[in-house]
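First subunit A sits with subunit B, and in the next complex the same chain sits with subunit C.
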Partner chain A sequence: MKAVLEAAVTLLTVLVAVLMAVIIAIRIGIRRRYRLERRYRPGAELGIAEYLAGLPRVPEAGGRSERAVLLAVALEALGDLRGSERERLAELIDRLGYTAEAMAGLRARRRARRRQSAAILAAVASASATHALTAALDDTDPIVRTACARTLAEVGGADAATAAIIAVAKRDIRAVPGAVAAVVLALGIAQPSALAPLIGASDAPPEVRSIAIEVAGRLRLSEHAKLLRACLREQDEIAAGAASGLGMIGDVRSVDALMDLAGDDRRALPARAAAVAALGSIGAAPAVPLLESLLGADWPLMAAAVRALCRLGDPGTAALRSAAASSRPEASAMAEAALEP
Partner chain B sequence: MKILIAEDSPTVRRVVAARLAADGYAVIEAADGEEALALAQSEQPDLLILDKVMPKLDGFEVVRALREDPRTRAMPIVMLTDRTGEDDVLGGLQLGVEEYMPKPFSPHELSARVRRALGRVSP
Partner chain C sequence: MILYIWFVLGFFIAFVIVHTAVLLFAAVELRRYALRSNASNMRRTLRSPLAPLISVLVPAFNEASGIADTVRSLLALDYPELEVVVINDGSTDGTIEHLAEVFELHQVLRPTPPFLSHRPVRAVYAPRSQLRLLVIDKENGGKADSLNVGINFASYPLICTIDADSILEQDALAKAAAPFAEDPVRTVATGGMVRLANGCRVERGRVMDAHLPRSRFAMFQVVEYIRAFFGTRTGWSAMGALLIVSGAFGLFRRDIVIAAGGYRTDTVGEDAELVIRLHRTCLEAGRPYRIVYVADPVCWTEGPEEAKFLRRQRRRWHRGCLEVLIAHRRMLFNPRYRAVGLLALPSLLVFEVLGPLIELSGYAMCVVALLAGTINWSIFFLFLALALLYGLVLTLGSIALEDAASGRFPAWDDLGRVLLFALAENAGYRQLMHLWRLEGFWQLIRKGEWGAMERKGLSDPVPSPAASQVKRG
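Let's turn to the complex of A and B:
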């Protein structure tokens, strides 16, 4: 028994000693990095600033630490810049070999290195990295895959890359939904037509379709209005997103379909309320009688109908006046409040 | 002409300073709101480039203090900030900021806006 206790105490002592050694090593490492950063940072900042101001001197970095600090400063500046200076800085990062290093880093064994490399390439967004980024869409890590997909979407490229980006969005939506939303947004900005397979594909997860639908609406991509109209007949969540999108686009050809959805009492309230709001955004005067009839409906629908009528000019105002004078207390109060200047 | 740059990111500060120095301006730098206010009052620069979010004293507080001081009331101010919401822009313009420049920004464009703001006060 005593021997067992002694062994346990020895083991514990060794563990504590190892733990302390690890903590000390980490602290030394952090202090060293901090010291090196303080030493090299001012020079790196000045070098990059003067280079961007047009001085002929190109910033240089000798050792590994100095290079790392120069890259950190360059990436920081890249985030705050746009226009020709941003392009110049991205070119400089390329010329100093950082892009090539990051491309090689995408094939590293360590996941942290691959993530860091993907983040560097995302910041630089260099077209020269397209091949390496496309290859990394098959990475085992969803963060690396989505970071590379987003960069590829921003840079643009071949149809094959677009198909692979969409495949990543479908695959990773549940693991990293925020990152996939960024991928879909980037795709919508750089290649709006590429959203079509996500909006219309019934085999895609509903979460990624919802994002694509929202992006199409917020970016007012009228080329997708027909697909969004078709989505109004689908499950309520998809239909609600599509209705909002059509409202943001202001698609007058969707008025009938939106009125069908708004008036269908078999559909969920959020989908109907979204259709009502869209009718108001579009300025659909023919919807006034329907909206007026909804002033006696459930509260969310009634509130949406009041807001929509406010946006429909004289016919909407007349309907609100009539509701204000009615004997339905809730509708009357809401309409009165809406009519107040 | 002398320009004061108040910006807590040293990288952005140096980029802007180098651009304006290349344009021929004398540049002084402040890393926080308090330093910006003190330098604006003591150095009397011809123009102030000011970040909205800064340590010690917010950019809008700096503008308010400068507008209350007769020595700095007319000093043109260019806000350079990533706060670009309607409230922020309107708040800045109501306080008397000449230009509101959102980040990410183009130093060339900033330089043009600085020229324009200086031209308004000394044509």
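Let's turn to the complex of A and C:
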């Protein structure tokens, strides 16, 4: 037993020494990074600011560390800039060779390097990288694939690229759903019509469809209203998203279908509540009697109905007044609160 | 005696295996996190129309001295869309009047949503300005009860629970919300790092200058927090068995919390209880889910510096552990609950609940053996060295992870102080904590007090004659 304990003590002593060495190494690294940042950041910030202000001088970066700091500063600035200033800075990054380096980095063996390169290209969103980005859609790592797909969607391109982007979205939805949502959003912003195959296709994973439906609604893409209307008849989760989307779009032609959904007590509450909210957003006066009847329903539906009636002008206000005077305590309290100036 | 020695040895080996595995998982998880996270990506996602909206719930009991600063700093957080809901839990120090004065609140009609039950709401206030702030005045019912009120009134799908005297870093909410943006369907809760603000310079609800505390008790807690957050929670999170999202800073999906029944008001460990119930609800429903610890977002809080308050805190924590284990005993060693039932809860039972008892019994046995003259000194010292060295390995491992992940406290003398206290904790502090925790056992049997802690306050207090600095711990 003594021998075993002695061996264990020796092992742990060695481990303590190794961990101390690791901590010291990490801290030396942190210190070095801080020092480099302190040394190069002011120059990099000034150089980029002067360049953006229109001075002819192009910021220069000599060594590797200086280049890394300049790139970090440029990427931070890109996140905050819009319009022509953003374009100018992206052009500068291109000119200084960072885009070319990142394109080469997409073919690196190390996954970390490929991810970093994809992130740089995503931030710069330069059309010159289209070819490398398209090739990277077949990368083995879903984070690299989705980052490149999003950038491609933002940059725009051929229909073939759109098809490949949609394929990535379908393929990676389980692995990186948030990144796929960003891809679909980028697609919705750059090429709204490209969302149609995702919203309507019953063979697409339901998670991707839900995202596409939400994006269509949030971006108020009225061209997809017909497809969204068709979704109201599908499963509750899809129907709820479609109803919210139609409300955001303000699609008057959907009022009947939304009223059907809101009044159908076989459907789930969130779907019905979404339909009720949409009727309010659209300003559907014919829905007042239905909404009034829902003032005795479960809380989420009742709350949605009260909010919707608030948005329906005089007929809605009249309905709320009668609810406030009613003997149903919850409905009365909610209506009173809604009528409060 | 021989049997007892083998039992203690077995306990120690099990402790080493479990904690080493957790530390290794933590290292792998932090590396994975570093590889995945990308600041500019996160910023873009959270600025997009798909960013999750958050209601920040602030339960407050006699917090007049600092509540306005807390609310101001929360409203100024770097997050695209959030609302702050302050729940005044029947304060007697003028908290509500102070808030009403600072934010120009007026009473509004707002029916109480019926999702979770709680003590009656007396009034609801909103500011005359466009600030996204709601103040609810309710009868005193405790922190859990206040959070249930906040969950009912919250307008957004995510709720963030924080203590009224906690300080969130500017980007803490964005970082804690990132897992919800990355995986909106499966993520049900996230927790962030809690650090002690004792010793830091705080101005108007913001930490301006971070330093290690001067107080010895606070320094020991710093060592404990580093181990608990970087070593333990990250590791359990990687295994899908995180049991605690700190009450001082946690983010939850509101619908899932409501489906699970909200916070229980009959336990002092309501934060851990809720997290375990979320695991249970999701696993029983066969719902894919994840509860994630994110090492990056930081919440600063004040730790007790005086023995009597630390003692109350530890008794309460231990009692909370026991209550949680009793409430969810069906999950223990049950394969249906996967890593939670087979690893995390048994580990909580054996190392956290029974550990103090076993360790203290070990000291007692040493004394008995010494008196009986049967002690083998070389084995005794070897075992002592083993225990001290392994404790040091865990602390150093956690510090290495912390440095690699966040790069804070890079000063060399800070490292020296942390290591000194990591060694010194074995000479009295650790044993004292065990004793206090055992008192928690006793409290559970007696169903005793709910500790109160005297707060020094993190920033300059607002002059208020009625202000009392006593708050629930």
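One rule holds for everything that comes next: the second predicted complex is superposed on the first by the 304 of 341 C-alpha atoms of A that agree within 3 Å, B and C clash if a C-alpha of one lies under 4 Å from a C-alpha of the other, contacts with A are read in each partner's own complex, and residues count from 1 in each chain.
The rule we apply is simple: a contact is a pair of C-beta atoms (placed from the backbone, for glycine too) under 8 Å apart; a residue touches a chain by one contact, two chains touch by 3 or more.
What you are looking at is a predicted structure, and each value in this text was computed from that prediction instead of being measured.
In the superposed pair of complexes, A:Glu50 makes contact with subunit B only, with no contact to subunit C.
Judged by the touch definition given at the top, the superposed model places A:Ala167 against neither subunit B nor subunit C. In the superposition on chain A, contact of A:Ala318 is made with neither subunit B nor subunit C.
Of the two partner chains placed by the overlay, only subunit B lies in contact with A:Arg82; subunit C stays clear of it.
Within the superposed three-chain model, A:Ala201 lies out of touch with both subunit B and subunit C [touch as defined at top]. Shared-chain residue A:Cys310: touches no atom of subunit B or subunit C. Using the contact criterion defined above for the overlaid structures, shared-chain residue A:Val73 touches subunit B, although it does not reach subunit C. Within the superposed three-chain arrangement, the count of touched residues of subunit A is higher for C, of the candidates subunit B and subunit C. By the touch criterion defined above, A:Val215 reaches subunit C but does not reach subunit B. Within the superposed three-chain model, A:Ala122 lies in touch with subunit C and out of touch with subunit B [touch as defined at top].
Under the contact criterion defined above, the residues of subunit A that touch both subunit B in one complex and subunit C in the other are 76, 79. Against subunit C, in their complex, subunit A makes its touches with residues 1-2, 5-6, 8-9, 12-13, 15-16, 19-20, 22-23, 26-27, 30-31, 33-34, 75-76, 78-79, 111-112, 115, 119, 122-123, 143, 147, 176-179, 181-182, 185, 207, 211, 214-215, 218-219, 299, 303, 330, 333-334, 336-337, 340.
The residues of subunit C lying in touch with subunit A in their complex are 35-36, 38, 40-41, 43-45, 48-50, 108-111, 113-115, 181-186, 378-379, 382-383, 385-386, 389-390, 392-393, 396-397, 399-400, 403-404, 407, 410, 412, 415. For subunit B in complex with subunit A, the residues that touch the partner chain are 9-12, 14-15, 17-19, 21-22, 103-109.
Subunit A makes touch with subunit B in their complex at residues 41-42, 45-46, 48-50, 52-55, 73, 76-77, 79-86.
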